[in-house]
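What follows is a pair of complexes built around chain A, which joins chain B in one and chain C in the other.
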Partner chain A sequence: MLRLEDLSVRFGGLTAVNTVSLSVGSHEVVGLVGPNGAGKTTLFNAVSGLVKPSSGRILFDSVDMLRTPLHRRARMGIGRTFQVPQPMHELTVRENLIVAQRFGTGAVDARKIDEVLDFTDLTDKAERHAATELALTELKALEVAKALATNPKLLMLDEVLAGLETNGKRRFMGMLKELHEKFAVGILIIEHDIETISNLCHRVAVLNFGELIADGTPDEVFRDPEVMKSYTGASDA
Partner chain B sequence: MYVSKTGLAVIAAAYIAVPLVLGSNNYVMSLIVASMIIGGIALAWALLGNLGGMVSFGHSAFFGVGAYVSALLTMKTGMPVFAAMLLGGVGAVVASLVMLPVLRLKGPYFALAILAYAHIFKIIATEWSSVTGGSAGLASVPRFPELMGFDLSGKIGSYLIILTVLLAFVAAYRAIRASHYGIALRAMHDSEDATRVVGVNSTLLKALMLFVSAFMTGVVGAFNVHYINFLEPDYAFSGLWVTLPIVAAIFGGYRTILGPLVGAVTVYLVDQLIFKSLIPSGHQLVLGALLVAMIIFSPGGLMPLLRKDSRRKHAAA
Partner chain C sequence: MSELILQALYSGVLQGGSYALIALGLALVFGTMKVINLAHGELVLLAAYMAYMVESKLGLSPLFAIPLALVLVCTCAVLVYFLVSLIRKDRELNSLILTYGIGIILTNAVLLIWSADVRSTSSAWFQDAVVVGPFYSMRSELLFFVVASVLMAGLWWWLSRSWYGRAVRAVSSNRDAAKLMGINPRTTEIVSFVVAGILASFAGVAIFSYGVIQPAFGHALTVKAFIITVLAGIGSIPGVMVGGLLLGIAEALTVTLASSALQELVGMALFLLVLFLMPNGLFGAKARRG
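And then the complex of A and B:
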């Protein structure tokens, strides 16, 4: 469904993503891991259209995304969350979802919105002000809910679990698993926690300094000494 | 569309009481009409700022283009005044098309670019003298017609026309703000990226707001030219057509719909009727001081202040 071919993103002299080739199948859950600054979020930004790749291709359902304007990518089925939750300020939770649904799918279906609210445990907060009246867990849930409201085929989740306490994390994990089945989406998830990744993902891709250094099942990847070295930040010693 | 009882009372008073009570006083009526012209531009300017998040110093261009288009259509083709006024608005929209490339600019860059664009139109009006009459201007622009024996070109008639135009603007503004487009525009305010990734074409939405704002301003410019029957470039494209509305909109509260109108009428009438008689020259100084005080004590302007007050009264009752 999603295929990156030799994708590079450079900012001036810095190469944030370096000739990465990666694919995500239509019902696959792929983890994207790597140390801070490895280029994971930049890769997300390139796919969703917020940054422009310097070279390479991004294909989604065989359509060249580099020729597809940002706002049309949501309509095609690319949904994402932000690491730092970005609720649409000034709007209520429900209005956030209405905007996402109306512009992400082209139509408004109140029942589907209720369903998403219910699924993400936000029904009680629907009329609350998104920017000021939600706790972190709820903001993270809203990120997922906004993406779901656009009826995505591919869901890109940027550290949705980070910063949550253990219980919240477990609940959220359960939600993600259920979501994968219920909404029949492919998922590309950035996450640091190895246990979470192993538990959730069919495949793991590892980025280090912008380069893809491993791509395989969690078992294979996390046994690879080079991966573990980059991952634990171990020095040459 | 929902209109509150107070709103209906104000509308009724505006249509009936104002002409009955003040109609015979030509001076006051002309001040009221002038303040409503400023109010119309202020509302259009505030719509662009509030919904589109853009600060424009170029609205005098829309005002002038609307005036010229409407004046020339009535003079050269004999088109009826009201039809020409609408096309004056359309002309302003066409003028705004050349501003589209600057929509990607943000904040002060947009403001400066649009200010520069505004000058282009003034130069065109001055230099293209075979059509526009050049700097000598256009004299005897057709007046408003008679309607069922009632001469609309008089002070009362003109007042009723601009009142109707403003009410139509308010209704349109309300409808836009309540629509899905309006919600998405509100969302874009502080979270443009988040709004774009869910599929909102932010550039298109901003462009649409620019068109609406330009159209409204053009119609007001067209109204003005048929009201005063005369036009020349320096007047039509004067910077006052944007600075006064900005002051009015900010004074009244640019993030509300009625604020710019209330602000314009208040500021203009208070200035002309009170300060001008107290301090014949330099009375604008007082306005400046009032504006600064408003920004410091109630950054949201007059409307939030009034609402807070009425809420307090309700609470006490």
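And then the complex of A and C:
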């Protein structure tokens, strides 16, 4: 469904993403891991269109994404969340979803909105304002809900679990698992927690200094000594 | 004395309706495009001169100028949009220079076509006094306050209930997130300029029908609209409506209690005071989490 071919993103002299080739099949859950600054979020930004790749190709359902304007990508089925939640502040939770659905799918379906609200545990907060009246867990849930409302084929989740306490994390993870089945989406997820990734993902891709250093099942990847070295930040010593 | 003050309050509110219309246009465009359109007051003035033309050349009521003003002003607003959208670098700052320049060109175009004379309506129907309870006003003042109220209610409905209105708010509050939801920001930008043009058209005809106009007046209107937007707090639409009324009242009270020479000054004083005491404006956004 999503295919990156030799994708590179350079900022001046810095190569944030270096000739990465990666694919995500429909209904597949792929984890993207790597130390801070490895280029994970930059890769997300390239796929969703917030940064322009320096070279390489991004194909989604065989369509060249680099020729597709940002706002069309949602319509094609790419949904994403941000590490720092990005609600549309002045809108209520429900309005956030309505706008996402109306412009992300071209149609309005109040039942689907209720379903998404219910699924993300936001029904009670539907008429609240996103900016000032939600707790962090709820803001993260809203991120997921907003992406779901656009009816995505691929959901890109950027550290949705970071900053949540253990209970919240467990609940959220249960939700992600259920979401994968219920809404029949492929998922590309950035996450630091190895347990979460092993639990959730069919495949794991590891980035280090912008390069893809491993791509395989969680078992294979987390047994790779080179991966573990980059991951735990161990030096050459 | 207290009657005098109450009467000033009443006149101020009526005047404030038009101020709010003008400021709402400025605020909408700033919301979607983060551009302060310094030519906005000149657009209002164009509508006012359309009203003058229709009355003086065709001998019709200035009300008939509204369709003409809508076409001309909205066209100009869209033109301003396209010129601004050509700016690639530092648009927020460079657009100030561009729109200020457009304002100067428009002012001088008005000067060239209609000369520097002060114009006002000669319609007796407009200028007749109407009495509401203990208060007096010109008929046109009351009429256009009603028009402004209807327009503001319509705008409120549009922003809070319609798809496009919600998209405009979505782009204003988080541009990137809105794009990722599938909203084309360029369309909402054009729409906000057109809506600003519609509000400016009515405000312009209103200003001619109860006041005096002259070519330099456009710039003063931009300043008033800017003051109101800052008073309200950037991004607060209801705040802008209240801010418009506040400026109207402050000006009317100054004229009544002090002197009409100080009318323009009071807005500035209010502006400084609010900036010092409440930098986020009276209705500005609170600090945001997340």
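The working rule: the second predicted complex is superposed on the first by the 237 of 237 C-alpha atoms of A that agree within 3 Å, B and C clash if a C-alpha of one lies under 4 Å from a C-alpha of the other, contacts with A are read in each partner's own complex, and residues count from 1 in each chain.
Operating definition for what follows: a residue touches a chain if its C-beta (ideal position, glycine included) is under 8 Å from a C-beta of that chain, and two chains touch if they have at least 3 such contacts.
These numbers come from a predicted model, not from an experiment.
Three-chain overlay on chain A, with chain B and chain C in a clash. Contacts of A:V84 after superposition: chain C is touched, whereas chain B is not reached. By the touch criterion defined above, A:V20 lies against neither chain B nor chain C after alignment on the C-alpha atoms of chain A. In the superposed model, A:E95 lies in contact with both chain B and chain C. In the superposed pair of complexes, A:S48 makes contact with chain B and with chain C alike.
Look at A:I197: by the touch rule set out above, it reaches neither chain B nor chain C.
With both structures placed on the common chain, the touch criterion links A:T132 to chain C but leaves chain B unconnected. In the overlay built on the shared chain, the residue A:V9 is in contact with neither chain B nor chain C. Taken together, the two structures place residues 48-50, 69-75, 79-80, 82, 86-91, 95-96, 98-100, 102-105, 131, 146, 150 of chain A in contact with chain B in one case and with chain C in the other. By the touch criterion given at the top, residues 180, 183-184, 186-191, 193-202, 204 of chain B touch chain A in their complex. Contact residues of chain A toward chain C in the complex are 48-50, 69-75, 79-80, 82, 84-91, 95-96, 98-100, 102-105, 131-132, 134, 136, 139, 146, 150.
The residues of chain C lying in touch with chain A in their complex are 163, 166-167, 169-170, 172-174, 176-185, 235, 285-286, 288-290.
Interface of chain A with chain B (complex): residues 48-50, 69-75, 79-80, 82, 86-91, 95-96, 98-100, 102-105, 108, 131, 146-147, 149-150.
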